[in-house]
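Report on the following structure.
Letters A, B, C and D mark the chains as written, and numbering starts fresh at 1 in each.
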């Protein structure tokens, strides 16, 4: 019996008096595709922030392959195999696409502490970065500056940066937001190609894609897990219809 | 230590705090809304004092002079905002450079216009006789400055909390993009806030004049105080500027009275401590 | 490095080496030495400012830490080399401590803590007059004699300063193109993302703070060797602000910017001021005008201007060139 | 403000380059003018004193038709900004680029100390106005003469006067927290306590203290007087705030606080203040009357002590140039002439110098009075031939450490 990829137990976080997550527990097995749904303000992004350490939880536990993450700083969690994308694009707009990915690769490379070497001299980083860009169909744009690219390209860059790190657990925060139908299709295919040794947890509003992609679904409402189960179970559940699908 | 000591030093503290509020509330407003660290604020204060000196020497009524000199400085503030700062909004380093540059210019021109000699601003005749409190004399004028500062604080409170303009300013401090989104005329608001902030500095300079005089270097003496107040209290919050001013007043007076050897550190050390433990200041509305 | 860059570098190096022979007059050679010293101050603060986005108003504090340490050690019998090494070590360790305090708060908070720490160093220098001579300052008995070379003549000191600054510049240039430099710039632009990519943003900033402190301390030693005198006036807020302004004026995002800024401010203060009585106004006006027309400083501004001129001259060629690269 | 400030002779820029003064044979150079470097402060917070210094020099050379003896004078004015590093650079410029024969200035002690070693190594005679004691005492610089006074020189007679003539017993002292303030207070304390007085309270205020209210409210009751050693705008601020707090204590002071240049602005607040100074605009010497008239005529102000200082320097310089037969190029001989000069009729009366280069001359006790609608410093007592060690013996005096916050030790403080 292997340890779950991600095991969240009794996670609480309050902003002032308002609870953002209430006693959230969920378990994601290795290789699983998990979808987290819920209306705006349900605490989905907060949950991600708690898992990555962007926010510190009031109480509870987050384990990555059995290892407790609470008390660890974000970069340490990343070094243990966690990666994420942001709903609001968080890129380096003045840099080239390839440099964005190189920064992602550097994050896991001892080389990042070297104040003497010439970065551009390390070809292997750039090769890997181009590979990651090619994976998301941006091979031709590697030398362009982020600020000059389209929104869809930036969304894919977000993904490339996360994938380049070869994470064990990948958190995707609305990877389809703001994309055109065509672009959605591209990303959908791309996600389909992610190997099974990467566990994916995804927040998404686009139900068509999301439901097609996910194996299990967790429904959050007012910071609480309301329903959890397989695609069919959750869709069929009365409470899901009430809080989410019904509106 | 006698009890009179505590009374007199408390009065010193609150009076000085009042003056600091007049100095720093404008800085706090501007920084809170526009995120501009206006390092020319000390120079505005000094310019107010010099304007006041010249107008008083021509026989102006003290309170009228304070208003006129303040507005004079306020107009200069508008010019700075409209013609310079607007060009470089969002460029923090540029703002630091420009506002320091402007303060260099103001200081140098004051030297040219008013010589390097200290210039006294006479307090209104009626307020020159000290008040006797518990057998100790205390300058009446300083208490009047305190009262004015309190009135100004109440006035600003009403402006901020009870008027449409205030509501717009608060919205801008909290979230500029949102404010723009709901149709607040941000550009005019900026000009207005800059006018208000600079005018307050100018009035503060005139009111501080009878205590501090106008002299070259007044700007450099006052600017760090304004910064400390804003840091202690937290930027963008009227309450913060208010509490910060009096906190600094007390720290300064009791600090140097009780530990004269620490006079050089009495303000900076607490400031470091506050920032290290409460990075947003005591009442911060805005991420510094 | 491209061939053009190498040629430019050779020309600039030749010019710098030729300065004492070309200028001749001792005063101007000394002036050039001062420009070098301030350039190093500006370069060191720019490691934080330009690459890290950290605005410090306390950089002159290192003048106090390293400068006083060096003089006191020398007066108390240490030889010049040990005094210099110990002073640098002491000052760098203090930079480590100051960095820990300053990095507690972001943005304006950071500025204010550095300002306060600088003022505290100033206050100690002022108040601890048994140690520092207070307002009267301290004298360094003599300039050092590295490898037995007497540095008392203006040209020799100039070459000494030039050598030190060249080494520092080389280090800082490598730093700016290194993986660490890239991480630092990443942390400047997107700190949250950087830590989500596995970078320890705090540590990156802190190390930069310490490195900047180290080079600032080296500049401080040069300052003390040059002036043979140190008093609290040299480490006040005014001086810290000046160092910061040099970097911003020249352009914090470029390597050459701080050097240009240092040259302009030093020359206006010390040379132009002999001919222009209102040199303070002139300096202020330069700040304002430069920023209005070149919001990111002189060097990036001139580069942009040059690019535009070149573009206008041969519109077709540059258009073609800018399409794929840009 | 209509002053002809540009005393720098711009043509000198072309002439001075690349030749160094000490390499030029005296006989050749003598044909040219005497080049004088004048270090003052024209910008920044200390500019008040510096601009007055310029008034004194400007007036002097205007009166003399730009000549010393029969040689023409080329005056080069440099603005130090009140900053030691800049003072050093400007001194270098004057010496290295403009090849001046001697220097006048600078204003502040810390500036003088910053150029001290440079003066020694280039052997440039300098007439200083800065007060720093040790420049002519324990670390005497052989190239310095000081025609005005050390920081404590005029405090000594005042302490003596306060104890013996005024019969004061309890005095508090107040001063700027820097060397000048420390030394000025210490000199007063020493003679005052040696003659039976007691300094019961000593307060030093940081130079950039915005407000003295706290300090003033701490003053002890039942004081006979409060002695102030604040300079420039700080002295002004202190006296105004003292009266603002309704404190009517007798004011004593060093030679900076109730300066003639500020007296009219101070008004009644300063009335009755008794200070020790080597100068007063009220002095009846013929030369002084001319000087006061000249300053009032040319600059529409009363001459302050800083204007008097530089004018005095010029008077001493003029006599020394005459004594040396105009040969300012022979540095050793010129320096000897400067140190041995005796000038019987300066604006402060007769002056001569001790072997360390410091002045010996009259020291005056002055009181602020109102005469014909104008505030003046009336001389109420003259101490003749006061040197820097007066009333102590040189060797005994120099055995002690230099005056500071802690020396002489304060035995009579009440806490």
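Note that in this section contacts are C-beta pairs under 8 Å (C-beta built on N, C-alpha and C of every residue); 3 or more make two chains touch, one makes a residue touch a chain.
Computed from a predicted structure; not experimentally measured.
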Remaining touching clusters (ignoring subunit C, no chains moved): A | B, D
| item | value |
| --- | --- |
| Far-end chain from subunit A, centres as C-alpha averages | D |
| Subunit A and subunit D: spacing of chain centres that average the CA atoms, whole Å | 74 |
| Distance between chain centroids, defined by C-alpha means - subunit C, subunit D (Å) | 37 |
| Cα-centroid distance, subunit A relative to subunit C, in whole angstrom | 42 |
| Averaged-CA centre spacing for the pair subunit C and subunit B, given as whole angstrom | 32 |
| Junction residues of subunit A - those touching two or more other chains | none |
| Where subunit D touches two or more other chains at once, by residue number | 43-44, 177, 206 |
| Set of subunit C residues in contact with two or more other chains | 126-127, 238, 278, 280 |
| Set of all touching chain pairs, with the criterion as stated earlier | A-C, B-C, B-D, C-D |
| Subunit C - residues contacting subunit B, complex | 49, 55, 101, 104-109, 111-113, 115-117, 119-120, 122-124, 126-127, 237-238, 241, 244-245, 248-249, 252, 278, 280-281, 283-288, 290-292, 295-296 |
| For the subunit B and subunit C complex, residues of the former touching the latter | 31, 37, 84, 87-88, 91-94, 96-98, 100-105, 107-109, 112, 220, 224, 227-228, 231, 235, 261, 264-265, 268-269, 271-272, 275-277, 279-280, 287-288 |
| List of subunit B residues in touch with subunit D within their complex | 5, 8-9, 12, 15-16, 107-108, 111-113, 115-120, 129-130, 132, 136-139, 141-142, 210-213, 215-217, 220-222, 225, 252-253, 256-257, 260, 263-264 |
| List of subunit A residues in touch with subunit C within their complex | 52, 54, 73-75, 78-79, 83-84, 86, 90-94, 99, 102-104, 106-109, 111-120, 122, 143-145, 148, 161, 165 |
| Residues on subunit C engaged by subunit D in the complex (per definition of touch) | 24-28, 30-31, 34, 126-127, 129, 134-137, 139, 154, 223, 227-229, 231, 233-234, 238, 269-271, 273-275, 277-280 |
